[in-house]
Structure formats: C-alpha cells, structure tokens
Amino acid sequence: MKKRNSILAAAVTGAFLAFGLVGCATTDEAEAPATSAAGTTETAEVLKIAIVPKAINIGYFTGWNEGAQEACAELGATCDYIGPNEITGAAQTEFINQVIQQGYDILVISAADQNAIVPALEKARDAGIIIVTSDADVAAEAASSRVVSILPSEQDDIGTAQVDWMAEAIGSAGSVAIITPANAANQTAWIEAMGPYLDAQYPNMEWAGGSLESATFYANDPTESAEAFSSILAQYPDVAGIISPTTVGVLAAAVEKKAKAAAVKVTGLGLPSEMAPYIEDGTVEKVGLWNPLDLGYVAVYAAVAAKNGTFAGATGETFQAGDKTYTVVDGGIAYLGEPFTFTKDNIAEFKLIY
Amino acid sequence: MSILRRATRFRELPVLLGLVVVYLGTGFLNPIFFSVSILNDIFFGVAIVATLAIAQTFVIVMRHIDLSVGSVVGLTSFLIGDLSSRGFSLLAVLFAALLVGATVGAVNGFLVGYLGLPSLVVTLATLYIVRGIFNEVGKGQTIVESMVPKELNWLGLNRLFGISYLFVIVVVLMLIAGVLMQRTRAARDLYAIGSNPSAAGLVGIPVKLRVLAAFTATGAISGLAGAVMLARFNSSSTQSGLGLELLVVAACVVGGVSIAGGTGSVFGAVTGAVLLQTILMAIGALGIPQFWQLAVNGSLIIAAIGLDRYLSTRLRSTNIMGASS
Amino acid sequence: MTKLTIPKVVFSWDKGVVLFLVLSIFIGSYASEYFATASNLSFVIASIAEIAIIAIAMAYLIISGEIDLSVASIMALTSASIGYAFQEGVPFEIAVVLGLLVGLLAGLFNGVLVTIFGLPSLAVTIATLALFRGLCWVILENKPVNQLPREWIDLGNKNIPGTFFPWATILVVLFAGIAWFVLHHTKLGRWVFAIGTNPVASRFSGIPVNRVKLGLFVFTGFMSAVAGVIYTLRFASASPDGGAGYELSVIAAVLFGGVAIAGGVGTMWGVLAAVLSLGVIKSGLQLAGFSANALLVVSGGLLLISVILPRVTEFVRIQRSKASTIKRTQQKEKERVQK
Amino acid sequence: MNQVNPPVLSVLAGRKAFGGVQALDGADLNLFPGEIHALLGENGAGKSTLLKTLAGVHKLDAGSVTLNGKSFQQGSTRSAQEQGVAVIYQEPSLFPDLTLAENVFVGRQLQSGKFVDWKKMRREAATLFSQLGVDLDVSRTARGLSIADQQIVEIIKALSINAQVIIMDEPTAALSSKEVDRLFSVARRLRDQNCAVVFVSHRLDEVFALCDRMTVMRDGRTVGTELVSDAVQSQVIKMMVGREVSELFPKTEADLGEIVLEVKNLCSEGQFQDINFTVREGEILGLAGLVGSGRSEIVRAIFGVDTYDQGSVIVNGTPLRKADSARAMAAGIGLVPEDRRLEGLFMPYSIAANTSITLLERLVRKLVIRKKDEQKVAENWAKTLQLKFSSLGDAVERLSGGNQQKVVLAKWLATQPKILIVDEPTRGIDVGTKSEVHRLLSKMAQEGLAIIMVSSELPEVLGMADRIVVMREGRQVGTLSRDEATPEKVISLATGAAALR
C-alpha cells in the first residue's frame, strides 16, 4: 500500500507541477490585457466589469446590482453579478480572486469585511484592475486599495438623522435602544455618531441603561434581531424607542412590535418594499434609506471614468454619473446625499421602486 | 427507593430541574422575569426550535441524526410565502411544504435505512444540497408580510388565553407525537432500533422501513415547521433557518434525548428547547453584557449536558443497586 | 498502510479520491482557460490551507471514533487572541505563540469533558462551538483588529519565491507528512485505528485509550490554532466572526476522503486528496461561471457519492461471491447425483 | 415423551454453504413434543448454522424443514417466531433501554384498540415470570441485567408467543451452577408444557443430567441420534470429535518459584472486598465462584482496566499504578478476557494485526512498525497454537470461536508475560480445542509462567489449578489447595452451604 500511495502522490504532484509550469507560461498573458488596458487612456474593447455584493441572494443587493447594470447598459460595458452566498470576507475573497483570474477591467464591490478582503483587493489592484467600493467601504487605513468609495452620505449624518426620526416619534423624551449587526463597519460608524448627538441635542432623551454600550444590542439575522427585541423589553421595560440601522433588523423589529403589540417606537434604515405593510398599518411611522440602485449606478460611472483616466479619485475631484455630478471628499469618498425617508404618504410609490 | 426508581424512569427530571432553577434564579435576581410578557416571549420565541426538536426526536431515538432540518425549514418557510403570494390556497401551500419536507426526509431515510449509510454524513450532504437549491430558488427575494398567508400571520399575532398560538401548536404537536411515541408499536420500534440495532432485526422489526418512515416523518414535520417560522417572523429570505440544526440537536440532547439512542421523549425535547430559550432570555434580563451572551449560553449548554449525565447515571446506578439488593 | 487494518472497499475509495483529484484538475483546466494558471493554483492552495490543516487533525479524531465541531470556533478564538494581544502591545511573534497556546487549551477543554467526564463528543463540541465563538466576541467585542505587521501579512499572502505555492503550503506539507507517517507507520497510529474499531478491546490490550483520545483533542485544538494563525495572516485581520461554518467544510472534506464516521477506517492520503479536490472543484466551477449556490449543491453531492460508492462496490462484491457460492453448491449437487 | 406422536419439527438432509465453506452437508434433526433434545458437536460442526436456519436467519440451499407436517417458512426471523420456533441465544441481545415487559413483547406489543396497552403488557409479563417461578420487576429496564436473567426474559418471550419448539444455544456457558439449576427447572417445566426443547451445550455432564435424547453433528453432518439413557460419555465424545480425546484437563505438576504477583486487601465499592492472594512462578491459581461473584471484576482491576478503591497490586515487589492497563502490561501482566468478541479481538482486523496489537513496542524500530517482523511473530504463534487459517491477512471475524480464542491467547503469550490472567479461557470452545488450550496453559506454567484462571466450569478449575480461591458475593470465602479441593467443597463455599448439590 505504501508503494501504491507514493505512486499516486507522484501522479498528483506531477499534475500540479505540470500545470504550475503551464501556469508560469500563461500568467503573463492572463494578466496582459489588464495591464496594457490600464496603461492606455482609450480602449476600444468592451469593458468587463464585476459587480460583487456582500452576498448574492439578498434583496438590498439585488437592487444595488440593478442600478449598476443600468449604468453598464448606458456605458456599453458588460457587467457580471458574482459573489458568495454568505456575508464573510473569506468567502468574498474567493470571488475577488476569480475577478483577478478572469482579467476583469473593473471591480465594483461592497466590502463584506472592511479588513479581511484588503489583501485580495491589493492583489487585484496590482493586477491593474480598477476598484471602486460601493455601499460598504474598506477600513480607512486601506483606502489606497481602491480608487474611490461611493457611500450614501456622510456617515455621521446617517447616524444623527435616525436619532432625529426617533426624537420625532417619541416626542424627544424617553430612553432609546439600538439593534444592529455586530462587526459591521458602517453601522459601527453610524452608531458612534448617534451617541454624542443624542446627548447633545435631546436633553430629555437618554440611552437605555444609561450608556450607548448598554443600549446597543447586536443581532445578525431575523432570529437574533427578534430575540434582541425581546431582550430589550425584558431588560428595559420602559424603553421608549428602538433604532435599527439595518434593513434586516428594522424589519424584524417591526414584526416583533406588531406581534407583541408593544408600545415601543421603531425606526431605522429599511427597504420601502419590505417595510411597506408596517408603515401602511402604522406599526412604524418613518424609516429611511438611500436608493441602493443609485449606489450601484454611480459606482459604475466612477469606475469607468477612472478606467478611462479621466478620474483618479483624488480629494476635490469630480465625476459625472447620469445627469448628476459628484465630488470626492477626504478619504477618497463620494456621497450620494441625504437618505430618502418613507412615511404613509410616500411609501406607496417607493415600495414599487426598491 | 421505589420513588427513586420511578424518578430514574422519568428521564426528563434533570432538564426540568434545570429549567426551574434558571427560571426562579433569574426571577429572583430580576423580578421582571416573572412577568407574563417574558413568559410569552419564551413560548413565542421557542416555537420553531421546539417544533423541530419534536421532529428530531424521531431520528435521535434511533441513534441517528438529521442535520438537514435547518435548510428544509428555511426553504419551506420561503416556499409557503412565495406560493401563497402567487395565489395558491393555504392548504395547497401547506401541502407543498409538507411534501418538500417529506421528500427530503424520505431521501435521507432511504439512504440511511436501505443503503445503511451513516446519517450524519447523509444529512450533512442534504443540508448543503437543499440550502443550495433554496438559495437558487429564493435568489435575493424577501418574503414580506403582504406575501404571508393571513391565517399564518394571524397565528403569529394572536394568543389563546395569553399564550401564543404558535406555542399552542407546539403543545398540540407534542401531545400527539408524545402519545404516538409512547403508545404505538411502530414508534416503540424506533426505541428498540436505537437501543439495540442488531437485535431489532432479529425480533422481526422491519428496521429499514421504520428508519425510512421516521426520517420521512421528521422531514415532513420540519417542512410544516416552515409555516411556524413564517408565522413567527412574517418574513423569510435565503438566510432563514441558517445553522438552526445545531440548536435543535442541542435542545434534544439537553432534553435528555440521548445521542446514544433508545431513550428520551418529545416532552423532554420540548423542555430542552424551552430551557435553552429561557437561558437566552435570562441572559438578557440579567443584563449580562451583550458580548458575553454566546459564551454564557455555550457554557450553560455544557452544564445542562453534564447535569443530565450526572443525574441519569447516578439515579440509574442506585436503581441497579436496588434491583440487585 | 497495510491491509492489516483497513477493509478492502475503503482502499478503492481513498485511491478513488486521489484519481478524482487528478481528474478534476484536468477537467478544471478544460472548463476554463483561467483555471490552470499559476496564480489560480496558488489561490486554490491558499484557499484550502486552513481546511487542510484542521482536516489532518480531524481525520485522527474521527478515525478514533470521536468528533470535534468546535474547530472553527477554536480557529477564530486563536485569531481573536492574537489580534487582541497585538493590539495590547504584545510583539506579534509572542502574540502568535499565545494564540497557539489558547488553541491548545481549548482542545484540552474539549478532551477533558469527553475523556474524563465521559460526555459524548458530538454534544460537547456543539456546546463549545458556541462557547469558544462567544469568547471571541468577549475578547474583541465588535472591534476587529487590522494593521498587522506588513511582513507577516505578506507571509500570509505571497508565494514562496519562484513557485506558485503560498508560504502556508510549507506548513500543510510538513504537518501532512508527519501526520501521514504517524498514522500509518507508528504505534500511535495503530492505536488510533484500534481505538476507533473497538475501544473496549483496546483497553483490554493495554492501550491507554483515554490518554490517546485526550491527546487527539489537544492536537485538534492545536492544529485549529495553526489554521487560525494562517487565517489571521491571510486576511490581515482578526475579527470575532472569522471562519464561521468552517467546521462543516472540514468534516465534509474528511468524510469525502474516505474516513468512516463510525471510526476505525481512513487514510491520510484520502483526506488530503479530498481537501484539495474540493478546492479545485470549487475554483473550477467558479471560473466556469457557476454561482455560489451551485457550489453548495456540488459539495453536498460529492459527500453523498463518497459514502454511496463504496457501499455499491461492496454490494457488487457480495453479489459476486453469492453467485459463485451457488454455482459451487450446484456443482457439488451434480457430483453427488453422478455418484 | 413418547415416540408415537409424529415429530413436531424435522429437518431432512439440510445443506448450506457460506462462500467456499460447506457449513451444513446433510443435517437431520427430529424433535418430538415434550422432550428435551441435546444437540452436540464441536465448533464448526454446523450446530449454529442449523439453529440459525430454524431461527429464520439462514435459508437452506437444499433439504427440507417441516413443522407439524407443514413445510417451514425459512429466511425470516419474524415468521419463524410466528410459526412457533424460538431461539434463546448464549448471549441474548435484549434492549437495554426498554422495560422487561416491553422486551418480552417487543415488536408485537399488546394493544387495546390501536394503542399499546402498558398495563396489560406488564400484567401478562408478570404472570409469565411467576409461572416460571422467576421474580423480576417487569417495569425495570433491561440495562444491567445478568446474562442468566436475560436468558429468562428470552424464554418468557418464547412462551409469550407460545412457541412449540424452544432452542437454547449454549445457555449454561456463562451461568453459575445456581443459575444452571434454575434454568434446568425452567427447561423441565417447558417440557411438561409439551414444548420441544433443544439444548446445545459443550458440557456433557449437563446433557446427561437434563436431556432425554441427543443428536450429534460433525462436519455439517448428523452422525447419530440416540436416547441419553443408552449413551456413554466416552462414546459420545468419540462421535463428536471422530477420535479418542486423551485427557481433558492435563495439568502437569510444575515446581513453583518466587511470588510474582501479590494482591493486598483489594476493595472496590459494590464489586468486591478485602481480596488477598499471591501467585508464584509456574503456579496456576484458580478463581472459582458463581458468575457475578466478582471474579472477573477482580482480574479486571488487577490488569488495570477497571479502577479500585483500596488495596494494592504488587508485581515483583513493586506496586502497580491503579487503572493503568498500559503499566500493567509493561509489568508483565496479560489478560485473556471473558468476552473475546467484545474485549479480546478487533473483528475486522487480520490475524496478524490482532496478534501484534500488544507487541507494537517491540516491532518498532526508529518509530516505524516493521511489517515483516509483525508477520513473522504472527506466523510463529499461529504455528505454536495450531491455528487453522488460510492467510494471516484473514479478518478474525471469519475464524471459528476456538480459533478466535487461540488468536487472543497468541496476542498475550506473544508479549511473554510473567503473569497471565485467563478469564473463562474455554467458554464456547469445542472439546478438541479445549484440551489443546489446557495443554498449552500447563506447558506455559511449567516454563515458569504464573497463571490466574477464572472459570465457571468446575472440572476445569479442579483439573488445572494448583490452588483455588473461591469467591462469593464479592468476598473471598476460602482458598483450597489442589488435593483438598473437591467439587462439593468448592460449590458449598461458592454458594453458601445451603445450595449443596
């Protein structure tokens, strides 16, 4: 048996080495188009663009992709929507590698993990691929790994806006808790902005349990969100409002509120299509969200501009997307502007859009 | 002595003790915990896991396991919403859910029973396959309240004598399954199979058939549990039911349904599920720091397993002494 | 090793897996021109490094009749510990050592619960899966650690100069070599098989069953920790939710490699070939444009095949022998008649 | 019992082959209602195959089986039971987690309407137990039940399906004499209820004590059937083995050397108390007593498979660490366990692998196990023990009971132990192999090996042992030297004078 095994061993290693050599031969060609294209300002051939979400199979990113596809159509590029089915940096990395392998010109990505994908992104960048993060950016320290990041609006504004909505709902008085996914870069940033803003702006409002930490409950999926909702009521029976800066969380919170006929007010960031029933029946007065289609749309424009050399992502630089112009601010970020807010009055129309 | 012996035969004793301890203990530290609303939260929250635990009991008593339930329940919860939004009647969609679940179960059962393949491997495989299909079917779509059959919606929102209908369903299911498991030959055969697989064949129990049937039943119930899931969350997406299988198995084990087969009851399984849920709520109510929850939860599960082991062995040994003396 | 211990059917399976690997490499390279490039093979190897390292230990554990579902959590716990220590100003080298130590202890914890308290490993490790993962959150909260030393990150992401093998390959090959040798050629290896085949008889043969099992759990903890180090470097960060769900991939790979879940059967070759071919297939399918969902279905399908095929061959063999028996008896009858 | 009635069951010219082996090659058997019928033959003579056929496990290739004149439906255990044939195996496999009542009715639980009726089941079971004069709590689980009691449960099961033919496959092999008596009385009651009882045993004394007629098999053939009253023991043995078996228990005197093993007031809660004895080089120490008197527990504790609470085990003056079989082995102790399938062998492994498992230390050079040496060792021992096999690569599960036992012996003798503990060394082994084993043991003793022999077979202990330690209910109740030991003394000690036979 020993002998047999070593033969098999030889076979396998042989196969590998063989392809290794072939590989060595072919690598240059594989990367050739990318590099050369990067060099030239104008390129005749159709641009190959990869649209990589945190995870496929999620409503929000389906919309995000639609926006991107629309832009691609306008620009005459081909856009492929590829990605993992679980939101982890590890899984996303494999698809970034695929993008490198297949010699895409452009990668538009929503970072599933602000750190874990950085090494892969740097590989892609070094392979001459134009990278634009959209919806979720990499860690500030790794900003150099992408050209520009398209985000809905100033992180702080997103946070403070939700506090304002809540104040509106509870009459600027009472204690507030938060349901948010753990280890999600955006949400963390927004919540950090909420803390001081609430203390400063609304003397009669306070964080449940006295501090932002004690008020923040972490939940990554509907089940956990529902449990978090119950825990909040168990821990802070007199809690006045719950903010959930995530479509999953705010939906779960709405469901729970309705199921338990709870008095607590709910607001946050939610997809109008998902939140419609609860806004229509008054369970939730108001939620907000930017249009994910825009995020995808603008990102593709920025990327193509960069590809054509007309845009480098430097602070203060501007680029065109459709009929709008966007300006890059510090940290290589461009913002869409104020998030939309949805209430009884406008939900009917928005729920058809996204 | 005779009392002790009776106690030993009451396999669910340890988990019940555990439940009482956790509940009273928490309530003592935080009186709010005794409030009705908490009780409701527990019952309401446990419904899905409890239902799946009942189903899982059928296979675990046979010394088998079914890991595919998480994928199945997710898929059917989605299907029910999707189909009914396409205008199929409630009965039709429930039947569909049952059918899907039963089919997966039957496949598991056939591979395990007739081909004699290890259930852990088989159901791990079907876990992947069903999840993959589910993702493909439900690509990026979210089932929202408007798509949920209103009867289910109603079940999720309303209570019978202050107890969520979902838990009422669990109780009813538990009673039915309990009686079947205790009082029908076919079900007793499952215990025999789990207790001594080789002997089961010799006494003329149709082992293969029973295994097939049990897995099919597990699948079918898990399929229907999709309805419970949809009623509870009023929404469903490809994330639904992810990783639920381990929680279910944990509930069974904690509830005294031994992985070694042959012992345990649906009552135990449900109690185990309730205990886990209570622990979860307790952690919240005790204001244990957010990031400690999972760790505390894990260690409490270990404690539960340990307690069960300790009590059952200790009581059993006294039992043997009693018999021999 | 040795017809002495392993029933025939399984041979053909673990050989089958190796051939399957070669095959899938060929197919992969025809399915997509991007597949057989050096950079891609490098990606493939890098992507399976952690799985391979853990699978090596898991193979031992399952052959000995136990299982450990907490490996991914241990991996993450190691990563988290390293990150935390580094953040607190501990030199990275020391942090890595600490991380490995943590993994070791985690394995010891599992082992003690199983061997000394006699709890079923499946149940125990379901619980510690939660516990260890929970500790990750306790340590890091939701503040992942980045900005690890550049040279270390390169170690995790660059190839051995002049080859397409990532640095991690060295660890994989090293451990695989040792593990293969020990499992198939030494006393300890024989003991592991014996314990998995018949633990009682093993005790009656003077084999320190519990000590061996305890050792295996510790070993598994350690290897998970090593995987945790590789993982940390490859992703240049430590986050509390790292590597979630890896445990199932590992177990799937080990079983696909022909290790019997009932214990007592398996080869290191089969396992490694299985891990590799899963990586190869994944990459091949991706490059051929299949969605991530298809990958799930395929890996499930392969898992089924890995248990069904041996069963079928076995069945065929039995049928054959039956047939021949009947023939023989009939002949005997004839002779009888003639006399 | 009268020969006028037609036989209730008759097998005619039964043939059955497994692989190449012709297990049954012309087996005949006639059973009449109301008789106890002995089925004799060496291992491999085809007894078990015949029984398994009647049990519905196997199907004959050729030949006929008729039950009450009707042809007997073969090949299904269930239908076998329904037709009224029940088999009590040597080690019954009950369902440890189920109650005795359910164990009796398992697979056909009594029902009222569509539902299992537990009360009724308990009642019926209880009455059946009392009928046989056995007192067991029917609502306790079968876990931890003694083998004897397990057999009783099986017999009750047979009664509950009112079987006409009840086959007992070596039921007394693991029974203490007390339990044997109980079993005999049960068997006689069954006969009185006009059942045909088949009694398989290697112990001729029992056969002569209990049975009415006997059928002897050899090499898959029936070589004769006669009335026990007409039979002569030596003749029967001759029929069985086809040759004269010289002496059954040939312990040749060996001059005793140093004390090698000393057991000092060994105690284990609920198992045994204050055990004290020594063993010298070349001595065979017999451990006699009823099953469950703590004999096996003691030797297990000595070898370190189980732990103990107090006392010490001393080998050549140095005490052993408790519960550490590895150390015990290193110190030169070997244990041939009671249950060879479960405790002795790795069934799917080859003869060689089984032999070498205790030897790996010695086979290793530079960490690597030398396969050649492994083969060599196995070969040598196979030769010395006259093992019958086709290749050392054969899985031991394919060997006959006797040969399996030889492999277990080989595995321990190969370690060249100073002290060899043998627990029921000849249980379920045919007469021929039995005497081989005995000759081997006494030869080893002569070469200076110290042997502790646990055996339920009185003649064996009396024949082989230099000294006999008798156990009762976990206590050491006496030590007899070879010449003072008589069956009566041993039994009276073992059972407490009351149960003198």
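Which chain is which? They are A, B, C and D, in the order written, and residues in each are numbered from 1.
The rule is short, and it goes like this: contacts are C-beta pairs under 8 Å (C-beta built on N, C-alpha and C of every residue); 3 or more make two chains touch, one makes a residue touch a chain.
The structure displayed is predicted, hence computed values, not measured ones.
Asker: Taking contacts as defined above, which has more of them, B-C or B-D?
Answerer: If we tally the C-beta pairs in contact for B-C and B-D, the bigger total goes to B-C.
Asker: So the centre of each chain is just the mean of its C-alpha atoms; given that, what is the distance between subunit B and subunit C in Å?
Answerer: About 29 Å, centre to centre.
Asker: Rounded to the nearest whole Å, what is the centre-to-centre distance of subunit C and subunit D, using the mean of the C-alpha atoms as each centre?
Answerer: Computed value for the inter-centroid distance: 42 Å.
Asker: Distance from the CA centroid of subunit A to that of subunit D, rounded to the nearest Å?
Answerer: Those two chain centres are 71 Å apart.
Asker: Give me the residue numbers in subunit A that touch at least two other chains, ranges are fine.
Answerer: Correct list: 56-57, 85, 218.
Asker: Counting only residues that touch at least 2 other chains, which ones in subunit C make the list?
Answerer: In subunit C, 2-3, 137, 142, 245, 291-293, 296 touch at least two other chains.
Asker: Could you run through all the chain pairs that touch each other?
Answerer: Result for touching pairs of chains: A-B, A-C, B-C, B-D, C-D.
Asker: Under the definition above, what is the set of subunit A residues touching subunit C in their complex?
Answerer: On the subunit A side, the touching residues are 1-2, 4-5, 8-9, 11-12, 15-16, 19-20, 22-24, 26-27, 30-31, 56-57, 82-86, 88-91, 93-95, 97-98, 100-103, 113-119, 123, 139, 141-142, 182-184, 188, 218.
Asker: Per the contact definition, I'd like the list of subunit B residues that touch subunit A in the complex.
Answerer: These residues of subunit B touch subunit A: 32-33, 35, 37-38, 40-41, 44-45, 135, 138-142, 144-146, 156-157, 232-235, 237-240, 242, 280-281, 283-285, 287, 290-291.
Asker: Across the complex, what residues on subunit C touch subunit B?
Answerer: 69, 113, 117-120, 122-124, 126-135, 137-138, 141-142, 245, 248, 251-252, 255, 260-262, 291-301, 303-304, 306-308, 311
Asker: Inside the complex, what are the residues of subunit A that reach subunit B?
Answerer: These residues of subunit A touch subunit B: 56-59, 61-62, 85, 209, 213-214, 216-218, 221-223, 226-227, 230-235, 237, 248, 251-252, 255, 258-260, 271, 273-274, 276-278.
Asker: Which positions of subunit B touch subunit C when the two form their complex?
Answerer: So the residues of subunit B in touch with subunit C come to 111, 115-118, 120-122, 124-129, 131-133, 135-136, 139, 243, 246, 249-250, 253, 259-260, 291-299, 301-302, 305-306, 309.
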